[in-house]
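Two complexes follow with subunit A in common, the first pairing it with subunit B and the second with subunit C.
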Partner chain A sequence: MKNRTGLIIAVVGVLSVMISLPYYSGAYFLSVTMTILLNMTLAVSWDMMLRTGQLSFGIAGFFGIGSYVSIVAVSNFGVNNVVSIFLAAAFVAVIALALAFAILKLRGIYFAITTLALTMVFSVTIRNMPTLTGGSGGKVLYNTIFNGDTTKIYWLILTMALFTILLSIVFEKTRVHYAISSIRNDEVVAKSSGINVFKYLTVLFVITAMIQGVAGAIYTQQYGFAYPETAFSLDFLMLPMAMALVGGIYSTWGSVIGSVVLGLVAEYLRLVMPHGSKIIYGIIVILIILFLPKGIYGTLESKLRTTRNGARK
Partner chain B sequence: MPILETKHLTKRFGGLVAVDDVNLKIEEREILGIIGPNGAGKTTLVSLISGLIYPTQGEIAFNGKNVEKLPEFERSRMGLARTFQLVRPLQQFTGLENIMVGALFAAGESLKKARESANEVCDLLEFERRNLHIDKLTVLDLKKIEIGRALASRPKILFLDEVMAGLNSDETWQMISLIKKLRNSGITIVIIEHIMGVIKELTDRVVVLDSGKVIAEGVYTEVSKDPKVISAYLGEEE
Partner chain C sequence: MNAKPFHLNRTLLILIILLVVIAIWKPVALIYGFQRGGLYALIALPLALILGIIGILNLGHGDFLTLAMYIGYLLFENLKIDPLLSMVPLFFIFLALGMGIYMITIKYVLKSGELNQLILTFGISMVIIQMAELIWTTRPRNLYVSYASSSVSFLDFSVGTYEFLYPALAIGVLIALRLFLKKTKLGQAATAVGQNPRGAEIVGIDTNRVYFTVFSISIGILGIAAGVMLPRTSIFPLTGSPYTLKSFALVAMAGLGDLNGILIGGITLGIAEAVIQSIPGYGGWSDLVFFGVLLAVILTRAYRRSES
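Coming up: the complex of A and B.
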């Protein structure tokens, strides 16, 4: 009971700080926070799919499609900016669902490589539709969302991140957790225990793709442009993966912690050494994976469990 | 009507006929033994019936309904359950959670209900260390998980693939009395076993497989005297 009250106070505290952030933080810190929240969303969504045992490299692909659907909807068809984000989600969902039937029979490295290849296919397709997408020249958005009001954009990104975290926690606390962990541990046992493996993989694949598409749409609305190089940039794949790995995979909080830590580290490195900061960043990621293979959260959690067990004895 | 019936069930792997025109009739609440030398096709037969693999030819009727084309998860929800010869615990979970998986999905229970059912199954199996992570459990515990997961799925028919392997004689007797208990609770049981004492003690009827074919069928005491069976299988023991 005491624990629960503490948790509620902590959640309410963090939430009020996060919501009121634009009122007392400077523009710079707010922009760093938005980048962190964006990567956090991608990291958590990537981890959600990983929990089924399927390693997806499709983040950047769905992110890019979301970007382009949103920008094309607004500038070519005059759709409302906010509506365009929902449109991006729906569009990505349809594509992911169609792909699910084609590629969710693949496993392991074959699935991973296929999702990476699809990202390239998406990027080339967008490049070759110049009338609609502006081709390799990209596309600029003239009427940005909320007329460029940073506070509102921040709240939009915060909502997206919170929604993703909440969904991830729901999946961790319900039967979904048992289904997808069983599939990851041993698919043969999962099937013989009555788990519809394909259904769970499809649901997870479509939902996480939608989240990544929405992230792309919001990113494009925030910055007001989309180029094939940026929208399908592998940064949107590598950074979230590194964050999930550093924080600790197979858990919501791992990805959350990882994205805050690495997000701040990346920003600091960029300030102190504008060139070559990514090398240091890469070394940090490698060191953490080598010495804390369970990630920050995973290591803390197992330490905590052993001390608790020790205390009981 | 038999609870499970196979008609001309055949599985070929390339040139090898692993299961060859098998016609089985399993009656409700009986304990059927499937015996035969190594490589006779016993596990393949179970995998065909459970749906892990699909037959090249033939039919499988469960409660009068053809199931040979249904995916494995649907068959398990209908009440077909199996254990695996080599234990396959889910690494991530505790013993209890492993067993819950059967209750959650095959039996379609809620989380709360599944936890209760899994605890009941653990009580039945006298599985004390149920809340430990599986890397801290013994072979017998893992066997209990294997059976427990199948039982929690509330099966109508249960295939036990060499559950006695690796158990000492005390544990084997525990397992035998457990299987009798299960039959009395109304579950039809098919056991694959190499230990003839177990087959003799438990089964109402046995089917002998050799090179994928049924070579004899009947009560154990008669089948064990059949010259074909002796030459294929029991002859090696004499």
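Coming up: the complex of A and C.
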């Protein structure tokens, strides 16, 4: 009981600090926080799919589609900025659902490669529809969301990140968790114990794709432009992956911790060496895979568990 | 098993008919596609080896090619080594690099599952791209040698002669690899490991040594490909990246272990790409040829598997 009150106080504390952040932090720190929250959203959504045992390289693809749907809706059809984000979510959901029937039968290398190839297909398609999307020249948005009010944009991004984290926790605490971890561990066993594998995979695939699409839409609304190179940039795949890996995969808090730690480290590095600081992400990914496959949170958790068990004995 | 030869003949027949049609319709595209298809096959062969024998998909494949081209460029600029000659030092440099990469990374993920292997090689790919950006910036570099721009004129069009080296080299590497896999002891061991790693280990094959050799030779071949590409390609950090997926598309199309199929598939897709590129207004869609084929092949395989 005592534990739970402590937890509630901590959550309320963190939440109030996060919500009131724009009132006392400088513009620079606020923009760093927004970048971290964006990557955190992507990292958690990537990890949610990974928990089913499917490695998706499609983050950048859905991110790009979301950002293009949003910018095209606003600048070509005069849709309201906020509405365009929901439109992007719906559009990505439809695409993901259609794809789900085709690609969720794939496993392992083939699933990963197909999602990567789809990212390329999306990017080539966007590039070759210049009348709608501006082609390779990209598209610039003149009326950004909330007229560029940073405080409101921050709250929007915070809402997105919190919603994603909440959803991920719900999936972790409910029956869904048992279903998807059993799919990951042994699909045949999962199937024979009556779990509808395809249904769970579809639900997760569509939801995570939607989150990634919304992230893309908000990013575009925030900065007011979309180019094929930036919207489909593999950075939006690499950074979240590195963050989830650093923190520890297969858990919400792993991705959250990883994105805060790596986000701050990356920002520092960007100041120290302006070019090529992203090399550190690649190196971190390699090192984590080789030496710390469970990540920070995973390693701490298992250490804690062993000491606790040791004390009990 | 019995249906297979018939199936192959039918595919070949369709292919030949298609080629004749294209030859009449767009002769330049046919030659151009043949040349480029050879290059695709040359680059896909080492990926097929690593995937077929070690079972790892190397997502950094194209980026090793980029790195090799940068080093070839440096050899040309600083030591005045002709790009075609630089194939030899590049092969050995990348053989050594492959050994190093295997020893410090790949070796440790052999048993740790597909996810970790994919993420690891993706990390390697990112490191190479960012390193190239850090050292050489994104400014494209070009290298000029006079013999690379020679051309031949037929009737009313002209084609570059240098590019015929691509298919020639692809065939050369293919023959060498087949000889290696069939005639040498290590090659036979590699074939056995590719077919059944556990069985190979039981009969006393040192799988680690096989993996080590296959990985280094494959990376070494990329050095050869880089050497031949140098005079006709502009070099920037993302030059090689598209080749990773394109190579995988070819391997998926040919089927694991079918090295001849890669050559045929590479040339077919090269021609398809060139034909689409030659249609005015739609040239940009040519990139979809490989991805379209890749998706089609993977999905039909998955569909067939789930049916059976």
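By our rule, the second predicted complex is superposed on the first by the 305 of 313 C-alpha atoms of A that agree within 3 Å, B and C clash if a C-alpha of one lies under 4 Å from a C-alpha of the other, contacts with A are read in each partner's own complex, and residues count from 1 in each chain.
As a convention for this text, a contact is a pair of C-beta atoms (placed from the backbone, for glycine too) under 8 Å apart; a residue touches a chain by one contact, two chains touch by 3 or more.
Since we're looking at a predicted model, the values are computed, not measured.
K.L.:
More residues of subunit A in touch with subunit C or with subunit B?
P.N.:
C
K.L.:
Applying the touch criterion given at the start, work out whether A:Tyr178 contacts subunit B, subunit C, both or neither, answering first, second, both or neither.
P.N.:
first
K.L.:
Classify the contacts of A:Ala161 with the two partner chains as first (subunit B alone), second (subunit C alone), both, or neither.
P.N.:
neither
K.L.:
Quick one: is A:Gly194 in contact with subunit B, with subunit C, with both, or with neither? Answer first, second, both or neither.
P.N.:
Only subunit B; A:Gly194 stays clear of subunit C.
K.L.:
By the touch definition at the top of the document, which applies to A:Ala60: first (subunit B), second (subunit C), both, or neither?
P.N.:
In the superposition, A:Ala60 touches no partner, neither subunit B nor subunit C.
K.L.:
State whether A:Ile289 touches subunit B only (first), subunit C only (second), both chains, or neither.
P.N.:
second
K.L.:
Looking at A:Asp186 after the superposition, I want to know if it touches subunit B, subunit C, both of them or none. Which is it: first, second, both, neither?
P.N.:
first
K.L.:
Let me check the overlay on chain A: which residues of subunit A are in contact with subunit B and also with subunit C?
P.N.:
In subunit A, no position sits in both the subunit B and subunit C interfaces.
K.L.:
For the complex, give me every residue of subunit A touching subunit B.
P.N.:
Result: residues 174-175, 178-179, 181-182, 184-186, 188-197 of subunit A touch subunit B.
K.L.:
Flag every residue of subunit C that touches subunit A in the complex, lowest number first.
P.N.:
57, 105, 108-109, 112, 114-116, 118-120, 122-127, 129-131, 133-135, 137, 245, 248-249, 252, 282, 284-285, 287-288, 291-292, 294-295, 298-299, 301-303, 305-306
K.L.:
Considering only the defined contacts, which subunit A positions touch subunit C in the complex?
P.N.:
50, 53, 55, 57, 102-103, 105-106, 108-110, 112-114, 116-118, 120-121, 124-125, 127-128, 234, 238, 241, 245, 275-276, 278-279, 281-286, 289-290, 293
K.L.:
Where on subunit B does subunit A make contact in their complex?
P.N.:
On the subunit B side, the touching residues are 50-52, 71-73, 76-77, 81-82, 84, 88, 90-93, 97, 100-102, 104-108, 110-111, 149, 153.
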